[in-house]
Amino acid sequence: MSTKGRIAGLALVTAGVATILLVHWMVAFWVPNEAAQGVVQRIFYVHVPAAWTTFLAVGIVAIASAVYLWLEDERADAAAVAAAEGALIFGAIMLITGPLWGRIAWGTYWEWEPRLTLTLLLWFTYLGYFLVRSSVADPRRGKRFAAVVAVVGSLNIPLIHVSVEWFRSLHPEAVVIKPEGPTLPSDMLATLLTSLAGFTMLFLGLFTFRYAVERLRRRTPPTATGETDEALI
Amino acid sequence: MNELRRAWLITLKDLRLEFRTGGRLLAMIAFVVLAGFLFAFALDQSQVAGRDVAAALIWLVILFASTAGAGRIFDAEEEEGAFRHLLLTPVSRPAIFLGKTAANLAVIWLVTALAFISLTAFLGVRDTGSPAAHAAVFLPGTIGLAATGTFFGRMSRHSSLGDTLLPVLTFPLLVPVIFFGATSTARVFLGRPWPEISGSARLLWAFAVGSVFIGAALFRHVTDE
Amino acid sequence: MTLEGQGLVCSYGPTRALDGVDIVAGDGEIVAVVGPNGAGKTTLLRALSGERRPDQGEVSLDGSPVSGADPGWRGRVGLVSHRTGLYRKLSVAENLNFFASLHAVPNPRNAVAQALETIGAATLAGTRVEALSRGQCQRVALARTLLHDPDILFLDEPFTGLDPAAAAALETALRARRTAGSVIVLVTHDLRRCLDLADRVVVLQRGHKVHDGETDSADPVDLLRYFTTTAADPS
Amino acid sequence: MNELRRAWLITLKDLRLEFRTGGRLLAMIAFVVLAGFLFAFALDQSQVAGRDVAAALIWLVILFASTAGAGRIFDAEEEEGAFRHLLLTPVSRPAIFLGKTAANLAVIWLVTALAFISLTAFLGVRDTGSPAAHAAVFLPGTIGLAATGTFFGRMSRHSSLGDTLLPVLTFPLLVPVIFFGATSTARVFLGRPWPEISGSARLLWAFAVGSVFIGAALFRHVTDE
Amino acid sequence: MTLEGQGLVCSYGPTRALDGVDIVAGDGEIVAVVGPNGAGKTTLLRALSGERRPDQGEVSLDGSPVSGADPGWRGRVGLVSHRTGLYRKLSVAENLNFFASLHAVPNPRNAVAQALETIGAATLAGTRVEALSRGQCQRVALARTLLHDPDILFLDEPFTGLDPAAAAALETALRARRTAGSVIVLVTHDLRRCLDLADRVVVLQRGHKVHDGETDSADPVDLLRYFTTTAADPS
């Protein structure tokens, strides 16, 4: 299973990276400039998919963690860690591209407004997730605590999504997922969707791979972890 | 009902431990008063209007006090390993959670009252607005803080990072509380009408009820092995 | 009533403190668990009492699995551990009343007085725990354990710090509980007491059970051999 | 010189205990960053100029951190009664004081640096002024805080009031430090010339040197029976 | 070398834990201090070691008064108390190295290894104290006490938690120190060990000395009487 998992993971990662390379080409040479913002708007095609992938990852962590708390199934925990690493990584991409864009679009890197702040806090929650995991001596307890943190922390997500509507905010509102349908020009939409597919595949690939590795590591006796870690890479 | 009585016993025990020495109360009063004094001193009042800052600082003092208190509430339990024996009695986990949260809350209320009085006094806030409106904001806010603190206070006991972990875990949840709390309190100071405050108050209540229920439901995961 | 642990495995990180231990304790029986330092005795008690769920294996009472999550089970267990488990800032009576109430003991005040009496600590009732000497603390911890008439007792070196009078009182109390039909598991390093008091003795070594038999049939010298061969060892 | 080496050993031991797990550092960074943006969040920036507040808040964060740290620095000593055995070695009391103060100071410096960076960033202070001038203010200030915290942190261990007593004892001493510190830092932010700052800096140095010497001289009174 | 306590009085608030106790311990002699729980044994050791200045009375070594404020004195004393006195987050070796360096032991690493060897804890060197079992902790605490070759030893129930192998090692170590001419004051509740190991036995009761004599001449039954007459008593 886990060998298969690793191969599937690698395949997905490869496909994801290839798609993202394609998106780079599209962003650089194919898609037209957005009228108001000019060339910086192209960071959109990284920022938005990163944000969505983060939410996807966070959702997986929350669900897997809830399942782990309920059934104490090791597989659920392995899935949660694998996805949580994704959330941390793609969240970081979002948090880096956002300010870069903001510097040009709003004239400031960061603004203390709810959407941005809540997003940053969400990222801190996942930092806490790994801190708890690693700092609790009893590994079983560490897993349980981390799961609790993930479940409780995920309650932030709906708040983030509605925060743009509740508060006057600098951050743009939804442009794709809205009741009246996408309001984006079709070539921009195509680029965005391609990029989204790439990011999603990359994430799912990393997720599958990490999951398989995690499963494998847990099956080996605890004293031998150090060596197997080396062997896997 | 039996479990509620047990929760109450735990609250009483915690409060007794907390106030065993009358001096502890005294020390806390002094702490909050001095903090108010310090803020008044540190902020250049010719440039900053006291009222704008008072609301924010009251909530920050409450936050710090409750974060510190959450750690302390489990100190006495661990000193001689008593918590382990408490867990070995038939008392249910939600009852322990509620009992300790109530004790935590009582202390937070004291701090809140003190912080309110000392900060408004030192920062020269003459007209503090409607007491009922203040209560409607502080009540849910402090309940949320107490429940969150109790829950994660227990969790951080098992971590080698100890209390340092506490703010990392609680602040992401509490920042919204502080934000809504501080803005609402500021509005009450300004004598704004209730509809401008009720939205935040509702959110604070949602957080309070949610954290108490979720905390009670999940508490066994942070106590039992 | 039979308490049984089957194939118990407990690890602390990479250290296997228990590595597949089977143990049975019936009612009206005192089972002594002995073994060198670090053998896993305390860990065994933690697993049996339900405080720590074993990584593998199962604890059962009369065939049905036992779990620390079950309040009914917790109400029947009495535990003495390495630490006293008392609140230092509360008086002895306050401590005991608190635990008696949580155990829903019918007449807490009476039960507290009686438990203190049994172990010869009646005069300490009003004293704060922080002002007690070590042996006095241990007495109070024992009184707390006996408070709610537990019918399953786990005692981890309960004689620590007790003077001979208190130790004798404890022995009497344990014998009385045995007669009343309790299950008693006792960890001790005192070979004489073990042979004197226990009906059966289990020897642990590095997380394994290496001996299990009636104390009558056990040869003290033979038992002693288990202790002296292995010194403290971390794994 | 031998005593200095021993003091150094104590410092090393304390720092090792403090940072035994790399995560603690991470947790502390997270704490200060979160605290920074809590302030930024809670204070309504349209009404309050960030720079006026930043100086005061940096000093308050340092004060809170050092008060908490002083308690913690003796927690590990008391956990299993190690301090008693430390006192029973031939090491002199001033050496213990200096060793623990140095460890305390190292942690406070870390917090200071983090608080400075995060608060100026979050409160939008663009022009932070001369680094040398900042050092000239923070250096004596933090030394004073560390020494005072170590001294009273030990003292409060003997008191039934515990850590809560600490602020009552230290704040009256530290209010002037925070006051001079905060006003000087604010002036450095504004780019005021050195003579406007040097007076406060000298006072802070006087306090730092005084507290270290007096603390070292009197430490035996709060350790030995 | 003679350690002497004269008219020692120590109170905790209104409780007189020691109420005028005289005690003498010579070199090459093991003096056992016994008595019921709360008799004041621990308090006596605190007073003798200089950790607590007595309210009245004086402690002297060879006639010159002794004080905990004197580093020379502190460098000669070794103490085992009710608590281990170790840093939980440090490893065993780190703990011992730290104390060895503060004691200015010439070759710390060697001394540490040897002290651990003596008490059968050599394999524990790399383990963090928080991961030790109770007996393992006690072994490390004993190793720390012997580290700097103290010639005055105060041992408060040092056998607590030790398995028979470690207890035997400790007895050997104490006998060796006695031969080397140390002053040794030992508190224990184990009457057999006391008669076996000590040269002289002092019995305390409620802060008073009620017996002081050679162990050869003491009648065990007589000694036991002191224990069984008084139970724990707060004052």
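The first chain written gets the first letter, and so on, giving A, B, C, D and E; residue counts start at 1 in each chain.
Methods note: contacts are C-beta pairs under 8 Å (C-beta built on N, C-alpha and C of every residue); 3 or more make two chains touch, one makes a residue touch a chain.
Being a predicted model, the structure only gives us computed values, none of them experimental.
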Smallest number of contact steps required from subunit C to reach subunit D: 2
Longest centre-to-centre distance from subunit A, chain (CA-based): E
Farthest-lying chain, centroid of Cα atoms versus that of subunit D: C
Whole-Å gap separating subunit A and subunit C, where each centre is the average of the chain's CA atoms: 50
Separation of mean Cα positions, subunit D and subunit B [Å, integer]: 25
Length of the line joining the C-alpha centres of subunit A and subunit D, rounded to whole Å: 38
Sites on subunit A at which at least two other chains make contact: 117, 124, 127-128, 131, 135, 137-138, 140
Multi-partner residues of subunit C (at least 2 other chains): 12-13, 82
Multi-chain contact sites of subunit B, meaning residues that touch two or more partners: 20-21, 160-161, 165, 168, 171-172, 175, 179, 225
Subunit A residues within the subunit B interface of the complex: 69, 114, 117-118, 121-122, 124-125, 127-128, 131-132, 135-138, 140-141, 144-145, 147-149, 151-153, 155-156, 159
Partner subunit B, residues of subunit C touching it in the complex: 49, 51-53, 68-69, 71-72, 74-75, 77, 79, 81-90, 94, 98-99, 101-104, 129, 144
Contacting residues of subunit A [partner subunit C, same complex]: 137-140, 222-223, 225
Of all residues in subunit C, those that touch subunit E in their complex: 12-13, 15, 35-38, 42, 82, 120-121, 123-124, 126-127, 131-136, 138-139, 157, 160-169, 189, 191, 224, 227-228, 230-234
Subunit E-facing residues of subunit D, complex: 2, 6, 9-10, 13, 16-17, 20, 76, 79-82, 84-92, 220, 224-225
